[in-house]
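In the two complexes that follow, chain A is the common piece, with chain B as its partner first and chain C second.
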Partner chain A sequence: MSANTAVAEKYRNNFLKEIEEQVEMGDWVKMCMQCGVCSGSCPTNFQSAWEHPPQELFMMIRAGKREEVLSSSSMWNCTSCYNCIVRCPRKLPITHIMHGIAEYAHRLGMAPKMQPTRFFSGLFWKNATHTGRVNELKLSMGLYFKDGFVQGVKNGMAMQSVALGLVKAKRLNVMELFGGHKCKDQKGIHAMLKKAYEIERSRKTAKMAG
Partner chain B sequence: MAKHEYAFYPGCSSQKGASASNYLASVESMCKTLDVKLTEIPDWNCCGASIGYAEAGELPRHVLNARNFALSEQHLPGQEIVATCAACWLGARETRERLTHSDTLMSDTREALKEAGLTINEMPNIRHMVEVLIEDLGFEEMAKHVVRPLEGVKIAGYVGCQTNRPFGVAGESFENPVYLDKMVEMVGAESIPEYEQKVTCCGGALAFSEPEKAQAQIKDIVESAYDHGAEMIVTPCPLCQANVEIYQGQINKRYGTKFDIPVMYYSQLMVVAYGGSAKDAALNGQVIKARRLEEIAAKQVKR
Partner chain C sequence: MADIKVGAYICKGCGLGERLDTEALVKTAQKDGKVPLTKSHDFLCNADGVAMIKNDIASEGITHIMIGACSRRAKTEAFHFPEHAVARANLREGVVWIRPDTDEARETTQEMAEDYIRMGCAEVKAMTAPAGNPNTGGSKTLLVVGGGVTGMTTAIEASKTGYPVVLVEKSGALGGWAGKLYKRTPVHEPYKSPADTGVADLVSQVQADSNIKVYLNATIGKTDGAPGRFVVDVATESGATHTEDIGAIVQATGFTLYDMNKLPELGGGKSPNVVDQAGLEALATAAAAGDGVIRRPSDGAPVKSVVFVQCAGQRDTTGQHLSYCSGFCCNASIKQAMYFKDTNPAVDTTIIYTDLRTPGNGEDFYRSAQEKGVIFTKGKVAEVVPNGNTSTVKFNDLILGDTDASMVDVDLVVLATGQIANSGINIDALAGVAEEEGAVEVKPISILNLTYRQGKDVPQLKQGFTDSHFICFPYETRRTGIYTAGPVRRPMDIAQAREDATGAALKAIQALENAELGRAAHPRSGDLSFPKVRLEGCTQCKRCTVECPFGAIDEDEKRFPVFNESRCRRCGTCMGACPVRVISFENYSVNTVGAQIKAVDIPDEFSEKPRILILACENDAYPALDMAGMNRIEYSAYVRTIPVRCLGSVNTIWITDALNAGYDGVMLMGCKSGDEYQCHFVKGSELGRTRLSKIDDTLKTLNLESERVRDLEVAITDIERLPEMINKYAAELVAVGPSPFKGF
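Up next, the complex of A and B:
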């Protein structure tokens, strides 16, 4: 049984409870009073990027629309501007809930595979935790080559003038490709993160069982 | 001994050859003038930034920030942590807040930190450099060192998101913060308090992953600065700076605009106003050259 089938089985007909127990800050969802200030404050929602803006997602969670919520590309349009958080009259940490739902969907393998920000988010975290510090050159290259080599070269060419400007200003170092900045105690960082994932996983599993 | 001492968390983008290396260079010059001593936290690591959320989860993200707290406590006991980057500051402050409010998260964090041979006993204060300037030094002290006022230069103060929300600088409003305008006035330049895009999001990480969405926002930010007669834009955030500066060429292609406006850090303005050279202010780090500032920086200072 896949991880997704297991949780779906356990929380049958109670998607709100699933979100409350499995998603960071998920227990806030029930506090939403559907005023829509979050949706009206979201910069990418103005570009109609959100299939379902935050307050709609909150209602869909309560209505048990599990499949639609978790496979939606909506949450991945969050730019982390925190406008929704500071404006929400009920003080819901909306930005964190959006990140939380996105992370949960990603964890279950239900997030849209080719969604570019989902891809970049994973790439960023791996890049940063690999050596303890971000390697900006490898991060950009990783993104350009997301859809294969040919598209990668095209993407790179399209970004050529931007990259050249940065290289000239000494704000992009091509040598980063062969090493670059890093932490000394990478072993410690990896061990500590491994432990953190273990603890987090066991806490979520315990909630599901309890 | 310096007047003010802090544990310094420069962050990934500030490193040599990275996208905000000019920010760090100008901050170093600025701090020299202001007698502020920043001691880098040894072996600090990335904060995870907001965009790491797909893989980061809750605990790993906080553990990552907590490692910096632990290193700071071990090597620089009693000192507050100062970050120059908005994302580093936000990430670290959020971790501080969450760990302070949850005993479970705190004990889980301690358990994970043990794997790296570290521990936390006290929660450090996390400050942004602009907080240090405004709250610990104050505008009067900052203004004292101005020997070369940036007279007649009109500058749009672009605060952006993460230095402003969800925490922000104490006493400032989320919708219309005024500290950056006051800093512009402090260096003798002309501020634009009615600049209505001052807290618009630059698109953040979407500038990489979905450029068309971010660039639509950047266009509004730059266009409004022009509409208000600004010669340059100033910001306290490394990602705002990069996003608003380096994509102007692509925006011009996309929208048929003719944007070519320099985007500076507050620290660069201060260094020039404090009598520093173009090199001290790291003006060579601009992709869109700030000619007007270069001219001012070349002038003799009357002391």
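Up next, the complex of A and C:
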């Protein structure tokens, strides 16, 4: 039984309770009064980019629409501008809840795989933790080739002049493609992150097992 | 009338002396006004000026006083001569403050002032000092009808103020609706949980009070008389009748829940597991007496999931159910959801609402319910399908746009049906008013059994709540001395009802005190004048008895009108209605206004100085004009304004007289009428307008254009709009041309 089916079985008809217990700041969801100020304040213009604006996500949680919420790309579109938090009359930490739900969906393997924000987050994390430093050339290359080799070449060609400009201004070193700069104690960093990950995983697993 | 001696006094203060030729005004009063004793004073409202008038009263035997100074609404304490007839010429707000201080304007401004002096002199001569209503009664006892929270609070408050109370309750116990509640919505910090109803405390206060006489199982057999001298028959269950002398009445007969059997689509009456809010209170009370678990009525199993359906049969647009929001039910459902959550947080409680309305501190209560885990779903319930011991609630989810949303296996469905006023017989129903859309079917049992000509109960609004001036006089019904409080007046909760009860008690006390002194109640509080009828001239047309908005006029055996002065509010609607003009007040009559209209100097048609008569309602339009003056907003110098008590008091003879005298136009300014009326006399402006709608015939017989009479709906806030409307009308009249009646 996957983690997802196990937890879904555990909460059966009470998705709200699941969110309250499993998602960081999830216990705030019940306090939403559906005024829609968050949606109106969102600079990402949810109407085109967001499938479901925040207050609608909260209502879907209450209505028990588990699949739809967890597989939604909506919360991944949050740019953490904090406008909604500032404006929410009920003081809900909406930004944090969005990230909380996104993280939970990711953990359960329900998040949309190729959603750009999610893809980039993974890429960034891998890139930064690998050497302890962000390798910008590899990061952008990775993003260009997200949708396959042909599309990657096309993206690269489109950005050619920008890249050349950066090279001329000594903002981009082509040699970074081979190895690149790194921090002094890579092993230490890896060990530290591994430990942190273990701590978090054991905590969250315990919570899910409940 | 033989001993009239008039003194006219013209003030020079507040810039009147600089802007106007006051010596010429004195001469006008003496020559045109025919008041030889005319004086001017530098500062009439100061002690010296008032002393001058008082001295003339003492030494010269002045009986009638004309004061040419500020508006009649200003300096009322200084110019207070209750024993004398007083007229005021409004030279300040009505003339100098609304005219520019320029050389060109000087002549027309002076003419305006002179006309107001002539009008004042003419008016005061047609007046007598009001002596007060002689048919008074001095009963200080308050009758409270209804022993619920509102009634008991009224009784306690009145008793604490020192007035004896008779409390009549139809059922066998005090408490009313609130007595059936398990708990109430909280009214104190921290507004988090249901609170004790407090009914037991109220009942014990009433029972312990020797000043309150309680009749249980009793109804009102008959209510006769007028404020200060009501005679009320209290009929008890045993058949005995007790007669009580009553000063004023507070009707606190509360409400009945809308019958859920009229909502079969929501499962009303189809399953014992679908209840209204009263039904749930009963379940909760029964549970509290037992193990605290609320049980499903069908089989006694503990309720695991409950759905509250808000606006059940309310805010209905189809015309089948209640058109209004009852205001209390959202908080009540939140409270009832907490009955479940407070005993067992595992019970699923869902409130399906379209707009959550939580007045007062209900917002905190709402938040507390969310914290306790009550689910709020915005949606419109389409159908409740009972099936065995559970039900399916089908609804349109308004947030998720899901028209086929549903909740299954619901143990208990609670319908939040609204309040219907227990307001007795709809006395206007015979006239076909009740057939309007949204009208509510009311129980045909009279509550007060009034012996009034106009019907047995107090008039109602179209939804069945008792009629009152919503903004200014919320408790006052259209029957003087009879007040309504609580949900019989408008839908409300306990906290609002208690506030209402206190207000109504104090208003009722005012009414009985005023009645004893022969004075009017609101809005002309303290007015000593009352309508007098010259019966020799009466044609028994019954217009006054039918039109009186307050049911003050009955008929005798010979079908002549009988005026119950204590019931009268002094609006003058009867005077405006009377086709033979036999009804008048001592200080306000067809003559007092007619004489003013005739006193105005009408320049000939070649002078290019039109004259516009404004008859302005003294409650809203006249203060608005005064305030326009205070703000120095200019308007035409050709208008001559006469305040009237109400548009309803305007007798068409005034308009005919004005047009015959050569006025170019007549403007009538009255309050908004209709369903959302603002008339201080409720129906006055409406009746006045109905009467005046027939003025076109008069205009035709005079061969005049219809533009010559203009009706304007005015609110007290129209301070800037009114001068604009006046100027616009003056310009329109220039286009119409001068009246052909000038110079005859």
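Rule of thumb we're sticking to: the second predicted complex is superposed on the first by the 206 of 210 C-alpha atoms of A that agree within 3 Å, B and C clash if a C-alpha of one lies under 4 Å from a C-alpha of the other, contacts with A are read in each partner's own complex, and residues count from 1 in each chain.
Please note the rule applied: a residue touches a chain if its C-beta (ideal position, glycine included) is under 8 Å from a C-beta of that chain, and two chains touch if they have at least 3 such contacts.
What you see is a predicted model, and the numbers here were worked out from it, not measured in a lab.
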item	value
Clash-or-fit label for the pair chain B, chain C on chain A	fit
Touching partner for A:62 - first (chain B), second (chain C), both, neither	second
Partner chain(s) touched by A:90 [first = chain B, second = chain C, both, neither]	second
Included angle at chain A between vectors to chain C and chain B, based on C-alpha centres and rounded to the nearest 10 degrees	90
Touching partner for A:33 - first (chain B), second (chain C), both, neither	second
Partner chain in contact with A:16 - chain B first, chain C second, else both or neither	second
Chain B versus chain C, judged by how many residues of chain A each one touches	B
Partner chain in contact with A:109 - chain B first, chain C second, else both or neither	neither
Distance in angstrom between the closest Cα atoms of chain C and chain B, superposition on A	22
Residues of chain A contacting chain B in one complex and chain C in the other	none
Partner chain B, residues of chain A touching it in the complex	24, 43-44, 47, 49, 77, 79-83, 85-87, 93, 95, 99-100, 102-103, 106, 111, 116-122, 124-126, 128-129, 132-134, 136, 139-140, 143, 161-162, 165-166, 168-173, 175-176, 181, 183-185, 188-189, 191-197, 199-200, 203
Chain A partner contacts - residues on chain C that touch it in the complex	356, 366-367, 370-371, 373, 375-378, 397, 399-400, 402, 405
Chain A-touching residues of chain B, taken from the complex the two chains share	12-13, 15-22, 43-46, 48-60, 63-64, 67, 108-109, 111-118, 161-162, 165-166, 174, 200-201, 203-206, 208-210, 213-214, 216-217, 242, 246-247, 249-250, 284-287
Contact set on chain A toward chain C in their complex	16, 30-31, 33-34, 55-56, 59-60, 62-63, 65, 90
